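Order of writing sets the chain letters: A, B, C, D, E and F. Residues in each chain are counted from 1.
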Amino acid sequence: MRDHILVINPNSTASVTRAIDDAVAPLRIPGGPGIACLTLDEGPPGVECQSDADSVILPLCRVIGEQEADAAAFVIACLSDPGLFSAREATQKPVLGIAECGILTALTLGHRFGVISILARSVPRHLRYIAAMGVNQRLAGDLPIGLGIAELADGRATLGRLVDVGRRLREQHGADVLVMGCAGMARHRDNLEEAVQIPVVEPTQAAVTMAIGRVRLGWGQGLSRH
Amino acid sequence: MRDHILVINPNSTASVTRAIDDAVAPLRIPGGPGIACLTLDEGPPGVECQSDADSVILPLCRVIGEQEADAAAFVIACLSDPGLFSAREATQKPVLGIAECGILTALTLGHRFGVISILARSVPRHLRYIAAMGVNQRLAGDLPIGLGIAELADGRATLGRLVDVGRRLREQHGADVLVMGCAGMARHRDNLEEAVQIPVVEPTQAAVTMAIGRVRLGWGQGLSRH
Amino acid sequence: MRDHILVINPNSTASVTRAIDDAVAPLRIPGGPGIACLTLDEGPPGVECQSDADSVILPLCRVIGEQEADAAAFVIACLSDPGLFSAREATQKPVLGIAECGILTALTLGHRFGVISILARSVPRHLRYIAAMGVNQRLAGDLPIGLGIAELADGRATLGRLVDVGRRLREQHGADVLVMGCAGMARHRDNLEEAVQIPVVEPTQAAVTMAIGRVRLGWGQGLSRH
Amino acid sequence: MRDHILVINPNSTASVTRAIDDAVAPLRIPGGPGIACLTLDEGPPGVECQSDADSVILPLCRVIGEQEADAAAFVIACLSDPGLFSAREATQKPVLGIAECGILTALTLGHRFGVISILARSVPRHLRYIAAMGVNQRLAGDLPIGLGIAELADGRATLGRLVDVGRRLREQHGADVLVMGCAGMARHRDNLEEAVQIPVVEPTQAAVTMAIGRVRLGWGQGLSRH
Amino acid sequence: MRDHILVINPNSTASVTRAIDDAVAPLRIPGGPGIACLTLDEGPPGVECQSDADSVILPLCRVIGEQEADAAAFVIACLSDPGLFSAREATQKPVLGIAECGILTALTLGHRFGVISILARSVPRHLRYIAAMGVNQRLAGDLPIGLGIAELADGRATLGRLVDVGRRLREQHGADVLVMGCAGMARHRDNLEEAVQIPVVEPTQAAVTMAIGRVRLGWGQGLSRH
Amino acid sequence: MRDHILVINPNSTASVTRAIDDAVAPLRIPGGPGIACLTLDEGPPGVECQSDADSVILPLCRVIGEQEADAAAFVIACLSDPGLFSAREATQKPVLGIAECGILTALTLGHRFGVISILARSVPRHLRYIAAMGVNQRLAGDLPIGLGIAELADGRATLGRLVDVGRRLREQHGADVLVMGCAGMARHRDNLEEAVQIPVVEPTQAAVTMAIGRVRLGWGQGLSRH
């Protein structure tokens, strides 16, 4: 496949990559750019702490460099957007992060967004990033479900926690749109939205959508790198 | 055509609608949603002041109501996003504004965005909207070219002004990405980007991109209206 | 009456207009500008959603245009400030909105203001406006009483809800001043303030106060319109 | 005179008090509250630095305490609002500062306000206060004319500088409304507005306007002090 | 002692000064600047309200002026930083406030800081100051223990309240670092941190630390006063 | 040496490490913590782009882990604070970044800080970080001198550029305090301050100062890691 969007799961958990692959399936449009999903084998099982996030930057950029000729755009599928700005130095092709695209897309669906994180220690990392994006005025809250990546495999327990935390964000924090805080939560989007009755953004879907536009429109192609 | 994205130009100038139609052409993917562009005949020749913007809300919402059965999503193609929140009450289908989508997309292309407006009196209206969006921390500046909608017909003069203002935003205000402040500027995107050497967002393209995702993903379909 | 302040209630409910008229009575100073209150017959019974707010802009501006010769200033008496910026294009006379004046006045009475809205769906509209005003850092919270305009007619039930929500804003959200979120709540100001023991701003009173200053001082009379 | 608004000029320069007295004359409405202006003899000739501002707090609060029985409201007529929050502890009567009222009133006249200060060293003091007010998003800039209080006596030179700085705020900083940064500039308001062609707020006028409302409406009378 | 850091307790309660003296003891480094603590006899027993804070400015600046020859730096040991900016005009030597230094230091220890105040009426004063500092985005909350300075003498009761409020700031407001809101709380730092399990900043320690750097580095010595 | 502060220069240029060592010499207090400076051999010659910054995180954290037993605190001496949050996960000892400490210290020396960067492409990286810190309201501007790390070796040319950019930040952007944007600029602090006549913060000095406090005070020692 050439000129496809390459979605890179920076953790090494293949089941997460498969979930991402399912999530982006509706965005595979005949005649449009292909979408391939890749597991970063060098990554940790899950990006749970800051050093997990930082540890994937170099291998991620290496993969992006290796795939540059074939891919038309890259998506980094982790809500910490690890290596996003390094990756943009590593390639002329568009690189999008699911945190930025997921959050920005949420801003078109409600006034105050809530983020559902996996672990409490993810929250300050997200808050720093949301502040760096300059959109913290729109944040209702960021609350964890208290499950690590491995525990997300238990679908029923995960959905229960997602719904609990989603309701708290809506009722106590005033969120009117939610962003799923981990690519590994993707398969629960529909059920979560049904349960909480406010829109739910699956951020890899949001990022691939924006990547399709970038591929088709060719913005920035005449820019020299600096 | 059914289940298409309907892009509504809220001014009555058909040449602007044609320019929009050309701009979104790359987003017509064979197996994807169709994209139709419509001129709001009741609109003013151009949305230049606040009362122009406010005057289109009712006819715009009426068109959206009439087209709801056929269209899969709506895009309001004016950088004031007139009637965006009313339109969302008028239909269950997604409605996107080119200001919000253009600006949010710019945030993925640079750290500080500049807006190129048509007229000086558009600027406070934009500033209010950018503040309401909560992204004013990322705004480098909003400067006018000083040409009304009618004058945009003179392509050479328009491009010259766009380049002048774009350079001022980059050099004096620190912008590293630009948003075109009027759908009627669309045909100059490539030349402007070439001249200023920073990415330039044509906001109707940005909005239609996001609309494609919304149509394919079906987010929010299970939500009752409140 | 000439050279009076014309307070326009943009909903068609005459009892709301009468309540406004009572509220502004203390501001009728013998040698000062007269104050007249007018019901916008074309308005909806109450401004409850965004399309209600948008629907009144054109008739409101038409009334303002018609009354320009006689009135010395205009006040738009709805907490969405519908049409405020269009109205300012429609007349050389001062136009003030009760949302902006009520909120700005609250900033002189406490550090964090709470808004008591009629309905939950009013809240995002208010939040957008407060952000556009650039005063969201001072907002403690905006909570609804869950009663539509029609239900405000039941004074006892309304006051009970106002007190409940006011106390929540003070105790849980840290508000030390309140803004009444609907002109139709005006008659409860004294009782609410007595019950919650923090200052309560009736926003039409705040706007008429500022209008008196504008009429007496004649600021901006030498400015050409642009 | 009883139940009047007492405007206190916290500097000891009687000519400034007379200028204030002239400025508020249009707000003396037959049947409305009287307006008296008082020079704080213990004050410095002008409030030029932070220690000038801090030095007036105690005598100012003493005067307010002494006048409480007679006055219906107090206005502190210095753009540093010295002692505003102490004064509110010293009396049950309303106390308004010309900085807060002048700036808040400017927000109803334009989107981005400029402040014209007397001296460069006033600027950080103003910036701290504007940030404390939470309205710094609306600030276009604060620039000094470089004249101390004594030099303001030279009317022609003062007006020339006011116009120069006002134009810079409008053209280079994007201000569309100006706030005069010293009560001693009051007599130049009309000429400055005429010259710069954007609204100019004389802040003592703004504060007295709001004080009239407070006196007539009696807000907060049922509140116990805490 | 010469060239020492002079820590001034602006209240007249000697036991508070002794507690401060104990708190800064670990910062007395054999070859480093001495640290002396002084009670401002003219101060109120505690700085509980705004007029308490304002009342100490003049005597505080007088002491600083008198001690300028002997001291190498000054620390104002009250969480309202009373007179900080006046004091900087009164001496060429560095002057640091415990509020600014305590809060800025907290920003290196957590993402969202909570402040534990003595009384509810201290909170708006703190909020104004935190906003003036421009760090309110990082504030999780400011809650009072409801004890005046005199009541802090009861150590057991004080610690109990500190722990209660600290836990509320952590659990309900999302604080991950705390700032003690009164110099008189200093002796409870270790126990409070142990109990709440997030870092606790004793602000006088933070300010003296920064003063040591200023004394050793001599920054700003070549600057003329303006 | 044991229980010292270890300052790590994350670039591999030994002359920069020597300049840092000189800069922190005044903070070596007899009886106080030792201060050692170390060059990260695995680092790039200079941290000029985001991938330079990201590339040092892993080796930096490895060094910190290896030195944990001997060092009492760590300082990361690069204005991108690379790996700061990962490093805090890698050790129980305090870790401080020169960007955060330099900027926070600047907030005690002026109201609006300017940053002097080496290269234009450093600026967006700094802006993201300053926004993540939540102190962007205090930023006057960040301007580059246009010299890479290697070119800083030419002292005369470097100082000339520093002075030029410092003056622009003061005069055109309103800065009243400057932060040097690269550890390699340290030796020019005194001359720059003399030339621009506003305080200049050398950020490694600021960070080591705060580290001294952390070492002496032992904050956070009773906290379990999470």
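The rule is short, and it goes like this: contacts are C-beta pairs under 8 Å (C-beta built on N, C-alpha and C of every residue); 3 or more make two chains touch, one makes a residue touch a chain.
Model, not experiment: these values are computed from the prediction.
Engineer: If we look at subunit B and subunit F, which chains touch each of them?
Structural biologist: For subunit B paired with subunit F, the chains in contact with each are A, D, in label order.
Engineer: What are the mutual neighbours of subunit C and subunit D in this structure?
Structural biologist: B, E
Engineer: Which of the two pairs, B-C or A-C, is linked by more C-beta contacts?
Structural biologist: Taking the two pairs in turn, the one with more contacts turns out to be B-C.
Engineer: Same interface as B-F shows up in which of C-D, A-F or D-F, over half of contact pairs matched?
Structural biologist: Duplicate interface of B-F: D-F.
Engineer: Let me check something: if the centre of a chain is the mean of its CA atoms, which chain is farthest from subunit B?
Structural biologist: E
Engineer: Report, in whole Å, the distance between the mean C-alpha point of subunit D and the mean C-alpha point of subunit E.
Structural biologist: 32
Engineer: When the centre of a chain is set as the mean of its C-alpha atoms, what distance in Å lies between subunit A and subunit E?
Structural biologist: It comes to 42 Å between the two C-alpha centres.
Engineer: Find the geometric centre of each of subunit E and subunit F from their Cα atoms only, then give the gap between the two centres in Å, rounded to an integer.
Structural biologist: 26
Engineer: If you average the CA atoms of subunit A and of subunit D, how many Å lie between those two points?
Structural biologist: Comparing mean C-alpha positions, subunit D is 51 Å from subunit A.
Engineer: Can you pull out the residues of subunit C that are in contact with at least two other chains?
Structural biologist: Answer for subunit C, listing residues that touch two or more other chains: 128, 131, 133-134, 137.
Engineer: Please classify the inter-chain touch graph. Allowed labels: line, ring, star, complete, other.
Structural biologist: other
Engineer: Strictly by the criterion at the top, what is the full list of touching chain pairs?
Structural biologist: A-B, A-C, A-E, A-F, B-C, B-D, B-F, C-D, C-E, D-E, D-F, E-F
Engineer: Enumerate the contact residues on subunit A facing subunit E in the complex.
Structural biologist: Spelled out, the residues of subunit A in touch with subunit E are 123-124, 127-128, 131, 136, 141.
Engineer: Taking the touch rule as given, give the residues of subunit B at its contact with subunit C in the complex, in rising order.
Structural biologist: These residues of subunit B touch subunit C: 49-51, 53-55, 57-58, 61, 83, 85-86, 88-90, 120-121, 125, 128-129, 131-134, 226.
Engineer: Quick one: which bits of subunit E touch subunit A in the complex? Just the residue numbers, please.
Structural biologist: It comes out as residues 110-112, 137, 174, 176.
Engineer: Along subunit C, where are the residues that touch subunit D in the complex?
Structural biologist: Its residues touching subunit D are 26-27, 29-32, 96, 100-101, 104-105, 107-109, 133-135, 137-138, 190, 193-194, 197-202, 205-206, 208-210, 212-214, 216-220, 222-224.
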